[in-house]
Amino acid sequence: MELVVYLAGQIHDDWRQQLRQKAEERGLPLIFKGPQEDHDRSDSIGERIKGEQPNKEYRDHTASEVNNLRTRIWMEKADVVLALFGDQYRQWNTALDAGAAIQAGKPLILVRPAELIHPLKELAQRAQVVVESPEQALDALAYVLE
Amino acid sequence: MELVVYLAGQIHDDWRQQLRQKAEERGLPLIFKGPQEDHDRSDSIGERIKGEQPNKEYRDHTASEVNNLRTRIWMEKADVVLALFGDQYRQWNTALDAGAAIQAGKPLILVRPAELIHPLKELAQRAQVVVESPEQALDALAYVLE
Amino acid sequence: MELVVYLAGQIHDDWRQQLRQKAEERGLPLIFKGPQEDHDRSDSIGERIKGEQPNKEYRDHTASEVNNLRTRIWMEKADVVLALFGDQYRQWNTALDAGAAIQAGKPLILVRPAELIHPLKELAQRAQVVVESPEQALDALAYVLE
Amino acid sequence: MELVVYLAGQIHDDWRQQLRQKAEERGLPLIFKGPQEDHDRSDSIGERIKGEQPNKEYRDHTASEVNNLRTRIWMEKADVVLALFGDQYRQWNTALDAGAAIQAGKPLILVRPAELIHPLKELAQRAQVVVESPEQALDALAYVLE
Amino acid sequence: MELVVYLAGQIHDDWRQQLRQKAEERGLPLIFKGPQEDHDRSDSIGERIKGEQPNKEYRDHTASEVNNLRTRIWMEKADVVLALFGDQYRQWNTALDAGAAIQAGKPLILVRPAELIHPLKELAQRAQVVVESPEQALDALAYVLE
Amino acid sequence: MELVVYLAGQIHDDWRQQLRQKAEERGLPLIFKGPQEDHDRSDSIGERIKGEQPNKEYRDHTASEVNNLRTRIWMEKADVVLALFGDQYRQWNTALDAGAAIQAGKPLILVRPAELIHPLKELAQRAQVVVESPEQALDALAYVLE
Amino acid sequence: MELVVYLAGQIHDDWRQQLRQKAEERGLPLIFKGPQEDHDRSDSIGERIKGEQPNKEYRDHTASEVNNLRTRIWMEKADVVLALFGDQYRQWNTALDAGAAIQAGKPLILVRPAELIHPLKELAQRAQVVVESPEQALDALAYVLE
Amino acid sequence: MELVVYLAGQIHDDWRQQLRQKAEERGLPLIFKGPQEDHDRSDSIGERIKGEQPNKEYRDHTASEVNNLRTRIWMEKADVVLALFGDQYRQWNTALDAGAAIQAGKPLILVRPAELIHPLKELAQRAQVVVESPEQALDALAYVLE
């Protein structure tokens, strides 16, 4: 039985691609979904579809319409949500997705470095599993599939 | 008919107290609930109740148990959630609460300065109302009560 | 035991005021809630709170933020929803509110003149009660309270 | 992974057929469902199945029983709902379906011409994506599937 | 703390009135709600509100609109549902209400004479409490309130 | 796309078998589920699995445990529920299943002869489609699948 | 604003009475509900209401009908559930209530001595707060009410 | 149509393996899921993934994070939950899983020896089916699939 995993987190490097590859190497029946991983495309998708907007705020607003469409559809289909935090970027989307996953009763795997223990303590306490690397998250998912 | 408003956001200044006072001056039938506003008490509540923990991570973990108890109980009772973001602090709890509110179908009022439009764009797009100051949020709530 | 009734429908005349008065004359323990009934105020509330917007579309968007806040809060508290249709205006908000009420499992009372039977047939078939005047709706509510 | 899209809107021209064809040309794994597209068949289906009714109102009522059966079954299976509005027809069913989709937590894509911005402003504010043509809606769905 | 009890069952004798009186004598903080207890009024309420209908079926249909409005509103508010069956009448409404209560997660107290054990066995197995008289149901409710 | 249909109703003749055959002849992608159709087996299944019980009431109770297991599992998987009523038998299980389906938001097709219009009026008013024969119900399902 | 607390756990000593008294001494606006605290009455309530049963199993079954009625009604009304475990008794009811509370999204406070850490580890991990004494649980509730 | 069965219960012997084999011999389309069946692996999985913990309590806590992840994912996918109790071990996890299944509306099959009737009476009364051996549970599932 395959599991669908939503990968919440920043879209500035290829951590999702690495995770997909490791899961494939281990032969795990996991389907990964997540936000758009091309950052420029993510920021410009609203204007690409709807045309130029009157100002930056509305440019952002339209991009978010389409990005949130994507997130909502795949989050709804996910069996489990993995949220990755790092020491860069605001990552409010990641926390937003984590809050939605918890409220929807979907188990959340929180991945965060030890330095972020304090600011993420409430989020960690409501997560199902808290680890420090995506590989550990994969270990937990592999255990579910044993 | 009274409305219960959960006030998500940082606990480093007295913005909630100011909001309560303004609501009272305007005679609005609003009951405000929110996290513990004394920051030290919030951080130490786990050890105060459960005794000393083996390390900082578990100190944080126990504090979060009690803080999340508080948040979950009042969020559940809230008719509407107000989430305030500013330019300081990580504010991941605020985004977490916002995500939970949205998923629970509770209307969210997002309060954030113009500088934060871009990093909060997805959260803003899913909020019910987006304003720049707590006073504007109060205006919106007053309109609901007219 | 009091019942909360949400009054969906156009805001161009005083039908809600008349209904409230008739309910009061009959001594019915009904609390009526609904959208803003001052049409200009409804259209301008976004700019009043958030300031001038870059164009008409965004003026409308901001007004809708606040109007929808109001609708969502009172619809959530309603025990029953009354939706009034007439031969004027688009009334898409009314149909939107009716759809939301049905999906939320709240009983819907549809009030519409006989001329609108055909275009409202699907909505009528999913309503709990279909009548032709607000007085008849009040009769049905009075029967519930007997 | 295929997505099911419910196509709410008028049934007087072949817009759904065009959309299906464009999706197929782009190789998008989308399954489109929606109301009966043959208008006469839609209006007469009640009497075809149940026999002649005592008057027009009940003819409409029986047709709606069967049309609503169809709508409810496919809406329930839909991952996302697209609601098309134009400048003709009452389109209360479309607004009804949109309200039900929003309340059910299904993302709504609203397609409407610029002339209808004002009367659809509340509906637009609660939609996940607002565009002006079915092609733009398809662009948004394609982005979800990237 | 008061409890709201919905009294499903036939409306041909005064069993509800007797139950209310016994509860009052015992000083139990119970609020009883239920269907219209005047049988003629129940059957004619549709035509009284909406006027004469084209045939008996539609007379019944309109009466049911209003009776179901009543049932749905009070069932929604009930903490517990009591369903009384006897050896007379079809009592399909009673079984319908029982099914709805079970599905809604509301505890059901089934009251039925020993002769009806066999035909009510599936319903009994899903009820929370099964007794043979309304007095026994009251005993169970009194125990909850101890 | 296949639809799962739960067939509630008496188990004293082969109406389900006939319906299955007609659906097959028309090539409709319908999967029919329902209660045990062998009446003796249905009544004795509790004792067959659990051994002899102390009296008839508990014999019935154990049979109902297993029959309700079956009903709950397939009702949960059903996209639509068909409830057949006739002029024989108590049929309280049928009404119970209908009530559960309505409350669960599953569309209900009620099949009943004209003689039963009056005693089934409340149930009919909450059903999605009301017809007089299983063939008409099949017509309605075929229409959904067009 | 008062909070309703359900007190799950054994009924062999007066721990609930002590907790109620301490809450009162501290002036906390808490309403405590829970199972029947008189053990004999709890075991015999089925036969007291329904008369003698054919064997011990069915004596237990009938008692459980009434005890579960009580538990379900008060659990549904609870804002928070406190589950106390000790080193005596099976306490499967306590774990059952805890599982139901967690699944219902109600915050759970687990009270258990240090010796039971290992056998209660999965339950503890899903609780909102884990403490070793009822007094600590009261401290946590007092913090929520600050 | 295949059914997914979650097997809650102790992990100290091979009862699940035996059940799987019997189901296979009977050709039943059942997919069994459950907790990790290797007891040592279950207890150490937290430290295996996350490294050594400061004390036994936190060793247990981390193991539970991963074990609960597994339970939550498969319970969510289960159509029915089987809970096995025996005369050894605390089995609080089993009762916890049973409580969660009941609250989630998933039918529960309770398997327990006659000696445990009394301490499991409340749990039994809320189960859908109560039997004394896994083979009887399989009989009940086979009956559902007839």
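The letters A, B, C, D, E, F, G and H name the chains in turn, as written, and every chain counts its residues from 1.
In the analysis below, contacts are C-beta pairs under 8 Å (C-beta built on N, C-alpha and C of every residue); 3 or more make two chains touch, one makes a residue touch a chain.
Quick caveat, the model's predicted, so the values are computed rather than measured.
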Task: Contact-richer chain pair (by C-beta pairs counted) among G-H and A-C - done: G-H
TODO: Please name the chain that ends up farthest from subunit G once chain centres are defined by their CA atoms averaged.
DONE: D
TODO: Could you check which of B-G, A-C or G-H has the same interface as B-C, with more than half of the contact pairs identical by residue number?
DONE: B-G
TODO: Determine the centre-to-centre distance between subunit C and subunit G, using the mean Cα coordinates as centres, and give it in whole Å.
DONE: 43
Task: Centre-to-centre distance between subunit D and subunit A (centres being mean Cα positions), rounded to whole Å - done: 31
Task: Whole-Å gap separating subunit A and subunit B, where each centre is the average of the chain's CA atoms - done: 23
Open item on the list: Counting only residues that touch at least two other chains, what does the list for subunit H look like?
Closed with: 65, 68, 105
Task: Residue ranges of subunit F in contact with subunit D within the complex - done: 1, 3, 79-80, 105, 107, 109, 128-132, 136, 139-140, 143-144, 146
Open item on the list: For the complex, give me every residue of subunit F touching subunit E.
Closed with: 56-57, 60-61, 63-65, 67-68, 71, 85, 90-104, 114, 117-126
Task: subunit D - residues contacting subunit F, complex - done: 4, 31, 33, 36, 45, 48-50, 65-66, 68-70, 72-74, 76-77
Task: In the complex with subunit H, residue positions of subunit B that touch it - done: 54-55, 58
